[in-house]
């Protein structure tokens, strides 16, 4: 190398700031997004409330009191009582255990399956696409209710403990929900894979795994986040419909969904708002919080956000 | 003459033109229409020509980023268009490309440090611990700095992005690089650095380049041999000295005369090309250049000029050369 | 493209065979049959056996499947056990009612979602964005029957502007025009609720893709041309932002004909959703299977449609 | 001297990034006169594009300080409506990134026709005619076909020319061209430059040409502004600048350019690198690459001083203080 | 009754959330005392308090009655109707020899007279003269004979089961061995003689409730063994009844118009519309005046609402059914009567009932409606909640508390798997109460909720331990539910005394004799606790006060004497 090559490697002091780890940056960006942090706090709070709160309640799951039925909020029952004279506050907290888990886990499952399969289909196209998309078509076309009835009957025949069925429930809601996400993701990937940076990855000889999971999928994160946020609310509400089929929770175990459905008539709606407002608010707050986190996550992952 | 690294034989690449509701194929863009040449080991071959004449397409087809329509691309003795997907992938580090458009060839969501280093990991060329050092080293070689490691592509200026593209190709230690206008977006100072860098690397590592550019001064500086393309075909090919001293094809002459010179006081005569610019979908009969050629005759309209060696390894396709 | 469509149409055949086997298997596995579902306490075992024989429920599933598919190929979906009518007739009786509210709410919700999504994205984190977001989540967090009840209470009972439910005023004899008005009047609340429900998610999708798109360079180009902000947003940005939504458009096709069960119950809308649900609960297999196949075909076509639209809308995607 | 069309006064455009504030444009002042071609040169990343974009008000985070006067009015204070009347019509811009600057789902034709319809009183048919003329004008064959194709079907150079066509569509008073010819071969480049010169001569259009090709500068410019790290470090009429570059950086630039038929073994390049634009201190930002670096260069920002020829430079070498 | 009868009792208007199962098939149609013991607020006919509150929408309908109900399916064919709501339509359009009376007994309608032979095997019906169908053709007993052929046809897939009446030659006809039913003799246009091979107490009513449908219309194209053509007639009924069908909009409404030539006099209300309603909106529809009457699920809230509207008459009466918990008698732990009694004593049924229905249901101790003539409470143990007694019984049965408090016997823990149909509101209370109560007894109850059909399936297969369901009663107390190896005995209960008593009841033709027999049977059941009977609730009709003369009882639907009802002008 000639003397002039030296300038290429600067020997002048470049500000030697320790480069941040990507995680640190993401966390920093995330925490700078005030709303996202609020969202995270809310979710943590909800979890704490639901998992620790009941220990501070003077009541327990099986308690009921016919004399106290349908009471409005009072100092004895902060959020009132239901038609069995049960404390709504306690039930709301206990319900959260189920609903939060169902919402998050089920959505997690559909997102993971859906995003992965959608990405594979969009990336490989040809027969992979055909196969995955046709399977997705089939999943979309299958009637949900009869399948759930069968599963309920099978779980009952196998004498699976009703308290364990909630795990099957998460799995089922999760598995039934992947197909639409996969189609959305695939659609995006089809567009993305034609972009020049994908030709660049080809030129570098990157492994398909990296092309898919590192290059393509992150670009679909925004749409996945929306699906996921919507999915959480859907799963929480869907759960309540499944109790009747022997897959969901069994009374008296509450879930937000079944607490609300219990008030599914004009009279409770009008006269006893304390029956449905607390669980409804919980779902709302959870969904909003998850959305805030999602937005925060998207902004944190979006290189062009300045916030 | 040294050994050929790349042999291109009768390469054609057509793009279908689609139209109508059902997107039927209504014709072909003959982006590359039967081009043959070889590049020797350690040589840098310059490809110049009009914008849209198929330079990038050649570059991409050679690397099999596009599937060829016809012809052969032989790299180190293997016809790469016949390789399996996995074999092709394994061969990739040996042949790299610097893209013409640095921005769209970078994934907006991937930090440049990772973008540059990821191929090393995937080809198992380096372990994760050394990775960062290697990347930073390469960044610095290319005139970027360590603090750029954690930035996203959009946070760079156009020239900086181009250097990221170069770094990404160089880090794999390839034998052959298609450099698709690697310095056109750079300011002269960086351009000088990059060109110096490329020629240093070539000398040290026996690198071979296909250097696509329209900046003749840069091509002149860097390349041993130069090919001039027009509308999908090679119209002239010669060693650098020969070509600049004795350009034979009227298009080459026009090109040379159009190069701007950094001297505001100097006003030169340019050969101005007139006439219809033909389309690669429907190239003119005979010599493709005849529509704009100052020397064009009836012969040129009817007969395709032979691409021939006029001696001194100087090839040209013109009836009047 | 033409080839692509043809190929996709051909692919529908094996997919449908798969679906038909699966749904038949499901129906065969579901506990109980029409006879148990009717649960008539006076029915003797002989009578039950006789009915099962007439309905072919006593045959092995494979034989039943083949008969069913064979009839279906001849265009015969069989007779509904509950309705004692050909499945196609029953579908014809109800499906259009569902279609009408679905199509209206579809159009409305797309319009609203486009505007709300676009403005939420444009003014990200503004008050408007926050309010829209909150409203959307409010609609999503409360089960649909709640929203329905709320509207009924306010608009039907308290204000008396709209009827509580059903599709027309009983005992009204007007001319065609008056009847149409009457139907429109009855449609108002259910369409509103359906719209509220579906607008939410669409708006989110639009907002997200809009957020992506408005940061692109070509939006800058559009602005540089001096285009009005409206043109920039609705022409340049929206076109690109619509791409993911096109996938959603395909999903809508089956739902147009699928009926909205809860809505139909709350507003006593004579739609297909309830009929289908009942067919499941009553184990009315001919109807259940027939309708499921119908919806499956629509799903497949919808997905094909969205793929084709996608290819047309995004010139970069080449369908092969 | 001709009337001023645009004047930048102490323009400051800063970006907040996770690493800190990037002062992409920091206290920049210069003028563009009517019918003049002003070239902005400078190292990559020195803030040329950001300056231009600030003028168009196309930066999400508006400039933090300064004014941009267009025909005496401050563009930065205009309403959005007024601004959109000016954009594309009075002031047009050719962007640096031709690949991403075109809308992928609209046809080329649609994108060219748009500003014509918007700013000129013509109907669609005439607009289309004009568009096809423009496509031909920028030297693209089969204009009718191109009119109906999508951006991804064109080569880089073609897209670049489409961008030029869009910018030229309404005969702007000021044409900002951000490296308009980098992607073009020299014959086309020559054509485009001719075209621009033509327009300038015919319509008295001012041109703000951002480029790093000193050959182009030499051919096109009337006046040159040299930027470095967000600041103007030198400005002068073109002949003056090429003849007598003053700032060490400018000198380096001129030296680094390869010239045809002047074969050198190695190209000269300015040593070192552009400094990290984050949190630049109060000093001459070029000091660590400068062979004439003095103590004062590391401590104080040199002011932009003017010499009797109207040649301005920001370097302590030419300041009293520096000489002391 | 023409086939049908009760069914597993469902809330009369379909369940809430799960959209479960069909509604009761035609509720019963027999006997009962008129309800409303004075002072009992839980049942009776409550007049509207302030008819002036009547909404204008209702008042403006001068000649039209709108009855809300779950949507009929459009099978308006006396042979084929599938749901109770189809039957409401059929009953308004068709008549038979008999019509049920409010007290549950049958009265002649089309029949002029009925003669029964000494051996109870021959029945001669005489038709009233001068009755015509709505299309003008005269009604003759040939139509009756034709109807019988339809019911006996091998391709007949309606729900009625006339074969079980054992008409002579019926089986042969069904099997295609004969082209006529030999036991049916048309003497003349107005006289028909029916011979049966076996008779019981229900034969006469079964024969008398076959609807008259014109053979000329329904029999056109009839060939033995093929009733395909009939399905085209489902939506176009022609009968001789009070109303004629004017139009049917599926899922929306059935419009009926008075049959001006009705042989008992033209109905006073000119138009009757059956309008579809759903559980969710019945109250709102009442309030807005869109319906005049409907059946509303009873509970404290709904009663208060209906009465609160002021312009509604409210008719509350016991429903024809009950809720119960079944035990599998093939399961050893339920085979000990002491255990079953303990489970009964140990369950606070009163509390369950109180929570869900308040006063509008009562704890039930025998599987019979309190308004049936067969009902008795003599010698019936009420099994009032007594946890100590329950514990004692379990101890006696050998189930003793184990280490963890759960009772054990022969090393087996006392655990029960309990399935419940989730669409019944009672289970909301039943499961927690039961779990709590039994836990106190030292029994571990694992509860699940399941789809109705899934439970029925388990029941049919005998693969269950305990389940909750509701049961619909037939008007007649005869039933096979607890008879050893009985048709409907899915729980495996067997008791010789009970079998004998039931047989006696079925074969007696004298009411008092039957009463005594059934009383004995119920006492046996009460002692042996085959099921844990829980409750019998009320049904409730809201009727706009402007409607007069609407006679509804547990056994008599509003359709039976609809022609007598009128609108107050």
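Residue numbering begins at 1 within each chain, and the chains themselves are lettered A, B, C, D and E in the order written.
By definition in this document, contacts are C-beta pairs under 8 Å (C-beta built on N, C-alpha and C of every residue); 3 or more make two chains touch, one makes a residue touch a chain.
In UniProt terms, the chains line up like this: A, C = ABC transporter permease; B = Dipeptide ABC transporter ATP-binding protein; D = ABC transporter ATP-binding protein.
Owing to the predicted nature of the structure, the values given are computational and were not obtained by experimental measurement.
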{"item": "If a chain touches subunit C and subunit E alike, it appears here", "value": "A"}
{"item": "Longest centre-to-centre distance from subunit B, chain (CA-based)", "value": "E"}
{"item": "Chain centre separation (subunit C, subunit D; CA means) in Å", "value": "54"}
{"item": "Subunit B and subunit D: spacing of chain centres that average the CA atoms, whole Å", "value": "27"}
{"item": "Euclidean distance of C-alpha centroids - subunit B vs subunit E, Å", "value": "88"}
{"item": "Rounded Å distance between subunit A and subunit C, as computed from the means of their C-alpha atoms", "value": "23"}
{"item": "Subunit B residues counted as touching two or more neighbouring chains", "value": "101, 104, 143, 145, 147, 155, 193, 196"}
{"item": "Touching two or more other chains - residue numbers and ranges from subunit A", "value": "2, 4, 7, 10, 14-15, 17, 25, 149, 153, 194-196, 240, 261, 264-266, 304"}
{"item": "Subunit D, residues touching no fewer than two other chains", "value": "17, 19, 97, 99-100, 152-153, 266, 268-270, 273, 276"}
{"item": "List of subunit D residues in touch with subunit C within their complex", "value": "53, 56, 58, 80, 84-89, 92-93, 95, 97, 100-106, 111, 114-115, 118-119, 150, 152-153, 163, 166"}
{"item": "Subunit B-facing residues of subunit D, complex", "value": "17, 19, 41-46, 49, 96-100, 139-142, 145, 153-158, 160-161, 179, 182-191, 193, 212-219, 221, 238-239, 242-243, 252-254, 256-261, 263-264, 266-270, 273, 276, 278"}
{"item": "Subunit A-touching residues of subunit C, taken from the complex the two chains share", "value": "11, 14-15, 18-19, 22-23, 26-27, 29-31, 125, 133-134, 137-138, 140-143, 145-146, 149-150, 152-153, 200-201, 204-205, 207-209, 211-212, 215, 243-244, 246-248, 250-251, 254, 277, 280, 288, 292, 295-296, 299-300, 303, 306, 310, 314, 316-318, 320"}
{"item": "Subunit B-facing residues of subunit A, complex", "value": "1-2, 4-5, 7-10, 14-17, 19-20, 22, 25, 195-197, 199-207, 210, 214-215, 218-219, 301-304"}
{"item": "Touch list for subunit E against partner subunit A, complex", "value": "16-18, 20, 279-281, 283-284, 301-302, 305, 351, 354-356, 417, 419, 422-423, 427-429, 431-433, 435-436, 446-451, 453-454, 457-458, 463"}
